[in-house]
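Letters A, B, C, D and E mark the chains in the order given here, with residues in each chain numbered from 1 onward.
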Amino acid sequence: MATDHFQFPEIKKAPSRFRNALGKYRITITSACTNCGLCVELCPYGAYRAGSKRPRPSDEHLCLGPSCSKNDFYCVDRCPEKAIHIRPNPSFEVLGDRRWPAELLAGTWHMAETGAIPHQGLNYKTGSSGGGFDKIRFILPGKNGNSSPGSDDNISTAIELNRSGDSRPTVTIPVPLYLGGMSFGSVSIVTMLSRVRAATALGTFCCTGEGGYPEELMDYDDHVITQVATGLFGVREETIKRVRIVEFKYAQGAKPGLGGHLLGDKVTPRVAQMREAVAGSALFSPFPFHSVYSVEDHKKHVDWVKEINKKALVSVKVSTPTDVDMVVVGSYYAGAHIVQLDGSYGGTGAAPDIAKKNIAMPIEYALPKVHRFLLAEGIRDKITIIASGGIRSAYDMAKIIAMGADGVCLGTADLVALECIRCHHCESGRGCARGIATTDEGLTGLMELEWGTQRIINMYSAWRTQLVNILRRLGMKSVTELVGRFDVLAHMDYIKQEEVEGELD
Amino acid sequence: MITAERKPMAEIKAMLAPYRKILVVGCGTCVAECASGGEKEVGLLASALRMDAQMEGRTIEVQEMTIDRQCVYEFIDKLTEVADRYDVILSLGCGAGVQAVAEVFPKMFIVPALNTTFIGETKEPGLWVENCRACGDCKLGYFAGICPVTRCAKGLFNGPCGGSKNGVCEVDPDSPCAWQLIVERLDSAGRNDLLEAIYPPADWSRQQGKGPRKIVREDQRSES
Amino acid sequence: MPPKYHIETSQVPNRFQKITRSGIIAWEEGCLKCTRCVKKDCVYQVYEKRNLDDRQMLDSLDSACMDCFRCVQNCPNRLIHKGLNPSYKALGDHYWTPEIISGLWFQAESGRIPVSGAGYGGPFSGPGFDAMWTDMSEIVRPTRDGIHGREYISTTVDIGRKVMAIGLGPGGEIISQAPPLVEIPLPVIFDMLPWSPPGDNIQLSFLYGARALGTFAVVRQSGINPAVREFLPHVIIYVDGNPGDLKEELFSSARIIEIPDGGDPIALQERFKSINPALVVMIRLRLGPKTPERAFALIAQGAEVLHLVADEYGLEEGSDPLFIKERMKEVHLHLVDKGVRDQATLIGGGGIAMAEHMAKLIICGADALSIDIPLLVAMECRVCRRCKEGIACPVELDGVDPLWGSLRIANLMAAWHSQLLEILGAMGIREARRLRGEMGRAMFFEDLEREIFATMGKRG
Amino acid sequence: MKAESNLKNVLTLNNFAVTAECGPPKGADPGAIQKKGNILKGYVDSVNVTDNQTGVVRLSSMAACTILKQEGLDPVLQMVTRDRNRIALQSDVLGASSLGIRNILCLSGDHQSFGNQRQAKGVFDIDSIQLIQAVRRMRDEGLIIGGEALSEPPQLFIGAVANPFADPFDYRVVRLGKKVAAGAEFIQTQCVYNLKRFKEWMRQVRERGLDKKVYILGGVTPLKSARMAEYMSTQVAGMDVPDDIISRMKGVDPKDQRREGIAIAVETIMALKYMEGVHGVHIMAIEWEDVVPQIVEEAGLYPRPETPEE
Amino acid sequence: MDQKTAGLNITIFFCQQLDIDQDKNRRTLEKELGSQIRFFPLPCSGRIDPLHLLRALESGADMVYLIACPEGACRYREGNLRARKRVGYAQKLIEEIGLEGARIELITGTAATPATIDTIARELLMRDATVGISPVRSKG
């Protein structure tokens, strides 16, 4: 496959935008310090920078913490004045939530900063939600087990998005992921462009979300998925014609059956113009498509898009009700190339908490159900299944593929790469205080495009490294071999380490 | 910034003795920075005054307010709504602030709660050091950025006196000899010419001129 | 179609500073007073609006902070930290969690449903109500109300017995008598509190609230004092003492009377109804393993309304108690089996702490539910149960203004109502009545786990 | 009274000069000065009168100098910039000259915080070098600071002080150079105990050729006791009493320590006498003026040369 | 209980890190003493503000204690050190208005014997009272 020779983008260091990065440990230097500079010299991770009166632990997030004490470069022991104290950072424990605990956030920030797998002993693989992905592990052969021979270069992470066998073009992406829809309005133009540019660099796609197709994106047409959602905001024939994939959004995992809601504060003149609406007034994206009340209506929609753009693939984004399997089959027969299943734990600009928690099911349940049903129907290999809504890490991605997805669609992880802290206040007032999910000009200015692009590239590069590692250890040469391999997964409530050969990871 | 210290409670009490309704006004700028006249200090002082009165069986009414700056009329104006309900203003501003507030409220009695001390720098938390005496004729350019007027106990312009030893001043062994610093810095900057030069007597009229000094900038003045 | 049910809401401020999950730990010594945190970084003006609550020595920084961490990350001297607030952890207990309590506070203060950005951040699932998800509909026609205001979703339910078939006389005239039926616009009644600080004001708040919302509050027979009489049309008198002590005039004003199970409740029911045939009589049963049979027996004898109550943690009685949702399912299905389910009204109560519990218990078979503690929490109760031990209430609930209390209750109920609409809308269901027993439109953790995860790791 | 400065005459005739210091009383009693003057008379070439030394209020230097003059001695008026602004200083310079005082020693003065008037406002309008410059200009050009002309210029032999033992050491000679450039004609140094350091300083002085431009008088203070030696070493800023001096004093029975102190002073004077570029000694026997004749004699500096008097 | 400080109003600020179950543990004492004892939990003793201490005295406390973690055991490393200085500052201030500095006291736990908040409080109550009823309260 041509994409096997895809030139992956370069990793460049992209440190935190803020003066004090947030790490697991907090380093303090007392007034006993004589500014001898030994700590600056010793720390191989660069936690310190020289200062005028005493060194500054400017990059304490790179610190290994007390576990470093076994090293001969452990600054706490080596400091001649015993002026250095390392303690758990109290702020760290406040960070994040059950799905994105502090360690996962910090681990993701680390990947976005360095493109490398975190070295600090952070759990960057799972959260602490107590179920689903967080209780599922890979059963990997021991470190020296039967991994696939040859270099990692021989392992392909590419997937094909058009498996229908129709006359439309094949679209191969070198990584089994693309970036999900986040509308202009819910996020800033810098965030949007960072994601699109990163997707372009990674050879994959980024969806516009429902809020129009800002002209800044036009340079990246080949890597844009344009979304047609129930509000039809910013949907134009002209933009449908520009792209290679058009996505119908029926529902969003975080607020299934509810439609969208953009609070008036975030509807700036630019947002309003893009959506052909009035600035300052709240916008609702209704539920459902008022023209779709049956699978037949749905097919008409798909046909309409196929007519407007003869080359585009059609993707259908649905959430996960009890009958999700039927919905997917219906979509297949309506002519969709891709079905994106958006689980209930996905991200959102704003949604009622009751919906996020209680309506529809987590992706971990929906995907196996759909995969098995499609297999039984004999159409599994004719359609591309993309999982989304709660995929937080490379491990989540690999797990859901093993549970039957072809690839994944991401959103929240990108925002975390841009230093989202998951304060859950994207919706209020001026929007994101960290300048990510906002349209406020001042706050948008907190982030630079180059930085944002690089952070996302770095993070997914690290993800790819992890995916390749998993595939290698499983003896697989392509990510497509992993699809539906429930046998390489264990759920910790049902299988214990002692019951398997190899390592649960 | 301008630094100040709280006056002893006894002195403040004595000045406030004739009054019952007290408006305690803090200043959010310099004196807040040196922890002598900000909102926090207003709270502490007000609390202490109330308790003191309680102990003496007096009833007083203490209102706390802190404005951004006591030396700017626009900020002082925030007090106008409440001021006339009080007998006295206890100002936690610097001397400039106290006088500005006094001028805005000509009919009110005003009492300072602070001793304004100097123009200085925060050396470290809890340590403020004077480093400018506002002489009106800055010569730091000749003295490698170290002010002999302020930092030499004798204000010598032409080198250290005979009391400089081991880099410290004979008058205050906790202070470095300013001239030691000047000599070192000029030397390392290769400016020995400045070390050899003889500086003529200073023009102190710029500091202690005819009454209060004024700066007039026509371009900055409002038109009307 | 009846007029649309709408609950008026308003911002009703807290009397005390809220206890929040995290606090700002800032060292003031060493502060450069650069005011970066105040002026630039804090988009919520938390620092500018700072004040100290003298009664509790609480700093508003803690409750107002929105956790964006910008001040923490930008303080040049690294003087600002955030820390978990141990007082938050100490709120409530394992069931009435700090998250639930603070969520209720928010709703009671604002009348709004909790909305947030970013995805769900809680546990994957959990015990009790957390082990189920409600359904949604992808493309079938749903109805929506609430924020979009398009179509009407009714949350009205009936309390009382229904005749299953109309009996006709020989001349074709209707001979069966329709039993009395009371309609409530929201499937919620206010139950007696398991505990509360002394004072009448709390009860008055409930009564004001019940009247404003068009629902009922259960009041013990012994608590019927002159102040309560004014509210009698919205009071369910709980006859737990000697029925003979009740003055007859009460029966003419009251619409619903509740009696405990035990002895012969049906006889008592008939006695009350003979005084006022328009009365609806409710029988209160403590949930337990025998409830399905007992419920059937009572309905067969003519019971109109069964109030099935669990304890404050949603647990029935017995040595190995089931959670209310499980037993409710069982009662419902048993009555369906016996063909009597539609004859009587089932009201479930105990452990109802969130709006979602309301929807979920209805899905599990209740027609309506009774709530207690959330109403107290609406008035800032911290579920510390200090009053139970005779210690002063930290939020001085005994001195609450009944009007303020009722506004808070109305706000809370408005938020719950809106959330019920969200669920109904997503499911495409037009009436709360139709949600009852819709177990096929729910997803249960145990089933899904068995189906999906138990097969993992198995070859082939 | 047009007499020339005796000190200037002694020095210009290339004699090794001897001066002594005399502290005025803390009272208005002229007898105390007269008594001290009579002790010193004939043994020294001139007598310095301190100006409220260490910030302690004493009889004024100008008055004391006048009394000494009347007693037939050649006084050196010490003048510090601590207590007077440029108006008072210049006025006093004129006054001193008019009273026949012919020598002036310009200093900045000890800080007021050491004396008995600690709340006093230190004036320090000008510093010692500026004062030297001002006096020189008054004398040579007849102009005061600011350029206004005098009807009659003062006649004064202008001196300054130097402390080779203070820091920064390398700058000390530079500063001496500045004083010379400002117009100083003779220099009296801080007490010399550390001869090694003094020698090094003199080497630097010679290197700059300053010994050719100014008369340098080494300061000598006889030690009264080992305790005094220790005190001066540790408590007096700008004083350098090396350990070997202290141990030498301590090594002597307390009743003989005065004798030993005198011996050290004499030895120091002998060393200074033969040091290139040193033109004399300034003996500061603090409240012990009666020992001066003995020291001068033992150092072989008695009798003092007669200088022509007008 | 048989306390030596009977009749005195006690206010106790304390670091909650000292006793995770503080909320439960202090209840018996609160029940016994009613409004005579007031507890104010802090997330860290370093959160104490001299203003808190003064306000406590002002609102009728006779004794104000701040119970902090042992030195070296502060979870924020320097919180208890800062608390010590602030207590000192507040003491000086009240002394200036003629109130005994001893009315404010810092109690530092010992790492060796971790105690519940009520046992620490009981110990304090059993001490010989060094001060009586506050003049702020009695004359106010």
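Note that in this section a contact is a pair of C-beta atoms (placed from the backbone, for glycine too) under 8 Å apart; a residue touches a chain by one contact, two chains touch by 3 or more.
What you see is a predicted model; the values in this text were computed from it and never measured.
Following the contact convention of this document, B is the list of chains adjacent to both subunit C and subunit D.
Put simply, the chain farthest from subunit E by mean CA position is D. Farthest chain from subunit B, judged by C-alpha centroids: C.
Innermost chain of the displayed assembly, by C-alpha centre distance to the whole-protein C-alpha centre, is E. Centre-to-centre, using mean CA coordinates, subunit D is 65 Å away from subunit E.
Separating the centre of subunit B from that of subunit E, both taken as means of CA atoms, is a distance of 36 Å. Centre-to-centre separation of subunit A and subunit E, using mean CA positions: 50 Å. Subunit B has its Cα centroid 55 Å from the Cα centroid of subunit A.
Multi-chain contact residues of subunit E (touching two or more other chains) are listed as 49, 51, 55, 75-76, 78.
For subunit B, the set of residues touching two or more other chains reads 40, 43, 124.
The set of subunit A residues that touch two or more partner chains comprises 26, 90. Every pair of chains meeting the contact definition is listed here: A-C, A-E, B-C, B-D, B-E, C-E.
The part of subunit A that touches subunit E in the complex is made up of residues 26, 28, 85, 87-88, 90.
Residues 32-33, 35, 38, 40, 43, 122, 124-126 of subunit B touch subunit C in their complex.
The touching residues of subunit C, when paired with subunit E in their complex, are 23, 25, 27, 29, 52, 54, 56-57, 59, 81, 83-87, 90, 384, 386, 389-392.
Chain contact summary for the complex, subunit E toward subunit A: residues 75-78.
Across the complex, subunit B meets subunit E through its residues 8-10, 13, 40, 43-44, 47-52, 54-57.
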